[in-house]
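Read from first to last, the chains carry the letters A, B, C, D and E; within each, the first residue is number 1.
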């Protein structure tokens, strides 16, 4: 039984069908790359899974449970985490505080009332080391560089320990080294966490991907290993575009 | 039955006053997101301008309307240039600043003119009543209803059929790109603020025959007018008009069923419900960007 | 005609563009290329005065743009077609185009006929609201709006992004015609290397807010593209 | 963290010292001055309560006076009942005049002081909870919260004025007995009474601080910045917002109870729009980002109002209005922001100087030892 | 978190440095009246909603104080007025009253118009056993030993007025007032009187303070078709109501508005034409024919402008200062205390603009009730003048209770 299952998922904005009858299923621990040209509905699909957008049709099953109408915070409690395209960290809070927010195993009001300081040991220390933000503990997130903010957001997802992580262009604005490092982190998460990564950077995709799903105009275009997909003429037509002599 | 119609007309006439006050507020709020708590004081200044023009120049209310519009508009312009324009990126702070402006304007009038209430004569041509069976409507109130509708129409024309209006609407929807196309947004803002203030001035002048002209007269109006604007929806003239009508008629209905106090409470609660469940206003403009 | 030297541009206190210099000759097409987030859009926004501040020199037609307000830059004849088109959704097509004329200094408020020859679809939809058009139509509308101001230079930010292929070709043709037939100078932010190569007299590749490579259109080799434009 | 915690302690200890020692000493232990200052303290307390919802969670409550007034009326009801023991049926005089037959049921519980004190905190909190759930479940934010709370305030004040039979109407509740607490009778011109009020303020401050310093406060700050993002971490944003709203209401109710003790009557103007907006202004003047600063804002503006009205009997409101405009224009984050900015600049300057000194030391040392470490930091 | 909280402490210290020590310089103690000065408090709102009326009371009161000082003061001592502006807000009233009574050690405070503000001041003057001179007509039913009531109580306004109205226009009364104690209490009294003389209240309603749209009320009046509108609206509401009532085209000969609160101030704002033909009951009108009044009006207009008016509350604000003076003159200058002034006042009779007024042992004032009809020039023409001075009975409507020199007596 797949961990995440999308069944005939659709959403319509005005007259536009942003996602149109999408079927998708992910196994536990799988890393799936989601590709597709601009406007293909990739980000919208992530929005639908995490509950930011309500679908107009279809169903979302997570661990066999129907999530379709659940509010955002309940889905997060079930274990769905989300990273946005532009890094959305809390700019007014420090790095530690951001991570403390992300440590949300007990998100209730009453249990929060009893927590007074952030414990730096254990998971938080690990995550900080992983993303190399140990020196910036008390820096306001707004003062970090773009790349560091991306890292911080990834760190927050790790802190949240979500079972399903949805990533929207996690490497945008990163240097090549940073990108490679991100790839390593993702690879290390395989197996324990299920991930969906929307990405344009093909070298990054090659580094991490097992299975790739290509979307176009709100629907599924192709699915398979990276080689299979790259050689699929329909994909070339839709994604690489302009006669296929591009460099994407 | 007559009672019903009388009450319906009463609601209409309340709505007409509310509409005139709210219209200026709606433009200021819609265009700039400024919550102008000094709007009541613009109304008050309009009333005092009417008194000034009447007692020193002998002008009647109707004849002095254009002058009052200009006078209060100019004061609005000064307020915008002096204070409000620094606060466009801080909408909640405008509440505080304009409240301060209101206090200052009130106190200036009190020190300049005195705190006793002033008398403005009613236009004599609008004396008398129209009676249809048991339904009695005062001519002046009928005039107010029509006048407020024509102010609404004029504002609509200004916003949709003139260059200023088109520029204003462009700025409201996308300030940055409007700048790129040569629209001087600060000038548009200032003029829009002045226009809103001017409308408030006219409203103030026109209510003088019905109420007492005192430095604090505007304070009561501004909360109601603001509720109307929010219920109507940001930037929607039609919404503001319909909301004024609803609030006026609802006030009349509830105050007929209960009394004026509980009627007002009921209307307020209804407004809270409306804002809660339709925060985008009565006529949300669904457009994809 | 449009000239920058040692230009820095800031959002808040962080410089997005650093030490950028370039020269756009009258009547030419200049492409600006680079990956996501390297400052291409910021460059156009800097020219329009939409960033928080600049250092260095920026001039247009000999006039210093540094301290000039955005609306006055528009009045100089710089037509800006931003990313995401940003047409006014509640305006009709007519009003959207009319809005372009507000940047004219001669006070003329008529819509030039040639716009509708270029984009017949706009004539057909003249009364519709901008927000109800499709993406491609909105892009045409955005170009039409800029043309209504009778621009000396057009700044286009990824004009073909997210648009169906058949309209992409149409828009590219229009861009070329505007340059070749009407002599409008064009600054083009582009992801599409083949088109950039085909169209431009000159190209600038940005990387991390700096000019990485610049040259004439022919010099835009596959190597450069591989190094700076692929991922 | 520990160093910050000690800074915390110093700041609050200074504030407590100020209230408990400096002010009474400065006022010469004079009953009248202490009483006046106790009034400022209660007003500072309600400003602090607003900072709890506005500053911490970004909920601008224009109806703060409603919860303040509720607390005030609850305390006044108790004191009124105490003053009415000699009346027929122990019924307050105004009820007799408005032809009320017997003491209404909702007055009965207020014979008891513990019930009164509990109600003074819980009733405002409960009202706020209802309002909060009503608004925040619907994701109402910003201006809409401001407007809804304002409309609610107007409505509740109208009800209190209308129900003269039970509330004393426009006159409010007057002719109150003094409070008796554990055998201590509150004489509001005494030093002990001043300490009672100051103690309450400090106590409320500490409780509010506990809330702000706990993870709840952290989540609220996150919510203020980006509520959507917080939801993605599994927090029920509406609950957190409601909690802040309730806590703020409870403290406001508390302040209201004290206010009645200070002024010896409850009036519907405590629930008025002008008073409510004044609270917002005190909070803004002090600085809404800090609870202590907001409390000080309330105290300072009221003191200033007192002084101004002493100096310029005719035009003091003019000065006050101009002051508000100026504060909003020049000090968007209030006095606190100004001090904070200044001190941060001073600290940055010294840190820079220290850094430069250390660097120059490092350079000279490297010159001496002859090793040129290129990346040496 | 950082250093913010340390800053809070610093902010705190700084703030108090700025404004914290007003008390240090305040000198106190000593005799009530010393250095040739008799400190008195003047507590009328100069700003806010009630300033419309209270500023005129302030003017009248200050004029009397100046007159007294110009004529050599009392026992050769000058009255030193301490003026405060309580801004129409009860809480501010309480605060300023404290200043006057405790800090400035005034022997008496003159002040206020609304019941709410009197109630706010009451705990202060009672707690410190001071004296509050309250010039306004009010609802009665109060028997403080620390308030000198200069205005009319219900029996003084209504005893003759209501029967006269019923006789001349009919007994069907429509009662309208603002929603607070005074209108409700007056209406209670009115209903008792109506009950005695066989009239009936057809409708009784109250609108919020400051209410300004009376369309609904006027519609109800149309429906009920009463004989008399018995009106206890105050200030802005009264003005708005009368203007709208007039605009609605009612004929005062058929349906007069009979007001207990409308004075020359309101009529000036209403406009003579709209007010003409309607009635008010009060102990004083500006046009009253007496030498004392002519002097008062002339001095007032000369001082504050020819467009100003005097009215039944400002008259009381004026003559109360003279009552105060008369009481002080009976006292040894070394012996001036609030209680002594009170005791000396009882039984005092002076010539006020309205005639001879006497302070009852219950501290209320014996007055000369009049009923007048408003004219289009804004002045009132007295149509009914009581034969003799009428005694104040603050508990007139409450059988078995009366206010005496010993305070409230239930019997």
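In this text, a residue touches a chain if its C-beta (ideal position, glycine included) is under 8 Å from a C-beta of that chain, and two chains touch if they have at least 3 such contacts.
From a predicted model like this one, the values you see are computed outputs, not experimental measurements.
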| note | Ordered by label, the neighbours common to chain B and chain E are D
| request: Using mean Cα positions as chain centres, tell me which chain lies farthest from chain A. | output: E
| task | Considering only mean CA positions as chain centres, point out the chain farthest from chain D. | result | C
| task | Counting C-beta pairs in contact, pick out the pair of chains that comes out on top. | result | D-E
| Rounded Å distance, chain C centre to chain E centre (Cα mean) | 74
| request: Between chain A and chain D, tell me the centre distance in angstrom, where each centre is the average of that chain's C-alpha atoms. | output: 42
| Separation of chain D from chain E, taking each centre as the mean of its C-alpha atoms, in whole Å | 36
| What positions in chain C touch 2 or more of the other chains? | 132
| note | Among chain D residues, those touching two or more other chains are 1, 158, 161-162, 274, 314, 317
| task | Name the residues of chain E that each touch 2 or more other chains. | result | 2, 46-47, 179, 206, 208
| task | Would you mind writing out the residues of chain E in touch with chain B in their complex? | result | 46-49, 51-52, 55-56, 179, 205-208, 210-213, 215-220, 222-223, 235-236, 238-240, 243-244, 247-249, 265-266, 268-271, 308
| field | Parts of chain B lying in touch with chain C, wherever the complex brings them together | value | 163, 166-167, 169-170, 173-174, 176-185, 285, 287-289
| note | Interface with chain D, chain A side, in the complex: residues 50, 52, 71-74, 76-77, 81-82, 84, 88, 90-93, 97, 100-102, 104, 107-109, 112-118, 156, 160
| query | Touching chain D in the complex: which residues of chain E? | reply | 1-16, 18-24, 26, 28, 46-47, 83-85, 87, 89-91, 94-96, 98-99, 102-103, 114-116, 119-120, 122-124, 127, 141, 178-181, 184-185, 188, 206, 208-209
| request: State the interface residues of chain D toward chain E in the complex, per the touch definition above. | output: 1, 4, 7-8, 10-15, 18, 22-23, 26-28, 30-33, 35-36, 39, 94, 97-98, 158, 161-162, 164, 169-172, 174-176, 189, 259, 263-265, 267, 269-270, 274-275, 287, 289-290, 292-293, 296, 299-300, 303-304, 306-307, 309-310, 313-314, 316-317, 335-336, 339-340, 343-344, 347
